[in-house]
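Since the structure comes first, as structure tokens, the remarks are kept for the end.
The first chain written gets the first letter, and so on, giving A, B, C, D and E; residue counts start at 1 in each chain.
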């Protein structure tokens, strides 16, 4: 079997899936041998892919499109539609985006985060509110913002989905999720925000490896979707138990992509123009449209 | 003559950079001109001056807080052996607490605000200042202090004429490496919980893997530091070390 | 007597910690006992010794590389004014390049390997050593060097008996704050591209906001440093500064 | 324990014992039962073998060494008195010019006094703006003497002030010192190895033994200074040599 | 430009001009047309007013100052010759004990020589393991003399070696010096302010003028030392005073 190196965050959601693959030998079954490299931050996986140390990592399609416009031959295969959501405490008086005025809002991922742009776009298009102008926005590290929300310093927090799930378990509720916002802005369904990313050239020269890997990934997803028994086993990887684990499980299942790559790509292209309008060139880079080839097509 | 040296130094640096960028062409190591273009674009948009200004302010504030507190503690520990023996483990502990921990705790306790940010940076730097100034205080020549006590120097005179001149090299070392350490920690602080500043920008560009922009911001900061070095620090230092016998 | 002081110092530290953890109870500021429990658990699982060992190795390697290269360059610049004038801008530049930039470039150019990691850390630290040792070399008393040249000291004797004793306080300052800076950079290096080490672990725990675990790893490192301080550094330092007149 | 009591008329020294513990571990008895007095406004010289404890005695009187058994009292009004001290080495601050060194030792009321004639009579006029490192040893000693004289001292404690000077210069300075001493009521205690100098200047010569130092005897010179012709001095020298045959 | 040429028999000094630029900006002419010679294995003394340029001359001969106009030659075989130098200040390494200070100055072949008798005759036996900071000035001077003598010097350059010593000790050391000087062929040049000392020790006294220094005259003493009784010395003193009436 062909060896391939996948770089992931040690406690990131991807390692749940990879752990399942390894536990059940799904990689061997599909003719590849996955070598998992753990990293401590997303930046680290970026660097590792750039340095040629790993073959596959996880990131979003916008990043891929931007890199493609800059000449890199990266490509993207959908992994999950789970995205961030704006969370508020259960007892919060904030009921909808219109209540977000003169509030302190934490935003993970920075001003160019896609979820944040979608939600801002939604607020502007639908309610005529400029969230960034009318509230105090605090950008910061996701764990820190989650903690600050629990502490009550933040009135609302937009965070990555697994932080949101944990917050949900701690009694927070979703005000609006980025997927809802994206749909309101023209997407026809939940678009996979993140996916497996690899060099096209590598994929072309290792067709068995990439195909086997994607198949194994699909099988693992199916298993995790189907079987509740799988989850207690994952406790040490997920680092959660009880209700937290349940919420994480449910949200994970919701995020399993179920549309074809073509549909995804169409929606992505649509959202790209929205993002271009919202984030400008600074976000999307010089490309006017979603760079062709951003989505990897499995050979039929 | 010094001006010529400095100019040729810069020229050589640019040349080395240009040549190595040519030898290992890579998106992650842009040539000087690309960086300069980014610098112009970011300056024109007003982003760079804005974020740089904020970062400089934070660096300056944290620098003064850290240097003053650190020097006082360092001199105290260096001149009182029993105090030093007691607090040395504390200093070592604080010296080695990761910046991340201090910053996170500061944000958690004091909220996501300027004071917490600057305080966290200062707390990170203070142990370094202590360690350097403590060595300086230990190396102080007691004979001059004795002379001062015989001639009844006041506390201020003692500080100005006895202590500071002997501590000057340590102070210079602590501030030079201090500025740079503080700037690096400010970057982390801005990354973790501020919504402006060079660190915030650099992180943004890092996510986009835009090394040219990162370098543009970095070099803008270095330029400011060099400017201060040439116009303030070196003349001051020259004046305060004039007494040293020049090497033959 | 010194042992008692040190013990009471630790006791006081624990007490301060315990009391403040009691005053501001928070998940982000665990009490000593909670940290100790985590420490035991992480040690029992073998994780802590493994990652700590790797990090210590990296710190040690980068430390020696940085101290040797930095000292040589620093002493050279401090004793040759024209060299210094030329290279000073370079030093300032390298002093202020964010750790991130150096680390990323090192990984991209040399691959994600140990050599790149340690090299990146050393490159980050070397300018700090240079700056401190340069001040030390500038403060050298030329009369002793003159004596040595009259009495035809060999190069090695000159180094051992003339230079090093005068540079000792600078060396001490550079190594103490050096170890801590290197350790902090190693944390970043491990964060950005290694799959083991304390920095890797700490960041994982940060994502889980498990401050107790972060502190357990930090304190384990600090304990090692303190051990080295008490068993190696202080006796050495005591021997090498015995000549100083003790304060009355 | 050390009641250097307030307004006494005489300088009175009663040191039972003073010993040093050298860093090699050896204990060294330096003073043992050292008792002597100097009358109000008298000029006394201390003569004794090299290394016997003269400087140590002066240091105790200056309050620089408090680790001894015994007591002493200084003439004058407690804290108000000004001690003009000349140390055995010049002990000028190397980072201050000659003039700054002298001025900084002045009490605040005298800071602006005109020093022209003092510098003139010490041959330091041209060297006012020199740093100590640029002086010859003799010039540095003269600057140290200037510092002691400029403060209008109530007591003079001098440790071999006139060595390293050619005879004409030394003689001139001795006269200057006498002028200062007689101008205001001043008690003076001077260490010297030069018997001729002692005979010229003092009212009483205190002769010390080898280490541990105690007083072997005193030699009083009742004759006013203006009557001490060359012949008288020669006679005094002879009678001193008779009384203390070992002191050449 | 400065051909301190190889194997010459005589010490020959021809310095046209030496001037300093002080940091205050003033230029100071120190030596002007200084010409003198010292015969093979002769003992010469330099006498001159304080600050006239004696130490500067010795520094030039020691090769420590090369910024002058003129030339000189030292006796002996070029690089092989060993210069026993006593500086005007003791210049012991404060971080080495007395014995280490002496031993480290020894050429490698002599490193292990027995120093007991040397230390014994200098009264340093008990102080072998003392650090210079624990010595009295007189003891430190003796240690510096020990260092110069221990190397079996081919040339002796001494800058006021016997100040700060009581007469009996000084006299004993003068005899010791003479013994060393006559034991092997040695040319000696000694700066002193003590005319009696010069008359006792030297074959020739070189008298310098005020700054800028040049030779006013020389005073040759042909009589071998063993015939110089007290009476002869007094006569020599008188005739010296007749020849140089200003030098007391």
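In this section, a residue touches a chain if its C-beta (ideal position, glycine included) is under 8 Å from a C-beta of that chain, and two chains touch if they have at least 3 such contacts.
Predicted, not measured: the structure shown is a model, and the values here were computed from it.
Engineer: Counting contact pairs per chain pair, which pair wins?
Structural biologist: B-C
Engineer: Most remote chain relative to chain D, going by C-alpha centroids?
Structural biologist: Result for the farthest chain: A.
Engineer: Which integer distance in Å separates the CA centroid of chain A from that of chain D?
Structural biologist: 85
Engineer: What whole-number Å value describes the gap between the mean CA coordinates of chain C and chain E?
Structural biologist: Measuring from centre to centre gives 48 Å for this pair.
Engineer: Quick one: chain A and chain C, Cα centre-to-centre, how many Å?
Structural biologist: 38
Engineer: At least two partner chains per residue is the criterion; list those residues in chain B.
Structural biologist: 28, 104, 108, 206, 242-245, 248
Engineer: I need the residues of chain A touching at least two other chains; which ones are they?
Structural biologist: 43, 50, 141, 144, 147
Engineer: Could you tell me which residues belong to chain D and also touch two or more other chains?
Structural biologist: Within chain D, residues 23, 64, 89, 131, 134 contact more than one other chain.
Engineer: Quick one: which bits of chain D touch chain E in the complex? Just the residue numbers, please.
Structural biologist: Within the complex, chain D touches chain E at residues 20, 22-24, 26, 28, 47-51, 54-55, 88-89, 97, 123, 126, 129-131, 134-139, 142, 160, 163-171, 193, 195, 246-248.
Engineer: Which stretch or stretches of chain C touch chain B in the complex?
Structural biologist: Touch list, chain C to chain B: 2, 5-6, 8-10, 12-13, 24, 26, 28-29, 79, 81-82, 85-90, 92-93, 95-101, 104-105, 108-109, 127-128, 131-132, 134-136, 138-139, 142, 169-170, 172-173, 176-177, 179-181, 183-184, 187, 202-203, 206, 211, 214-215, 218-219, 221-222, 225-226, 229, 241, 244-245, 247-248.
Engineer: Going by the contact rule set out above, which residues of chain C touch chain E in the complex?
Structural biologist: 143-144, 146-147, 149-154, 157, 161-162, 165, 240, 242-245
Engineer: Inside the complex, what are the residues of chain E that reach chain C?
Structural biologist: Residues of chain E touching chain C: 62-64, 82-83, 85, 87, 89, 91, 93-96, 104-105, 107-108, 131-134, 147, 151.
Engineer: Could you please specify the touching residues of chain C with respect to chain A in the complex?
Structural biologist: 27-28, 104, 107-108, 111-112, 190-193, 195, 199-204, 206-209
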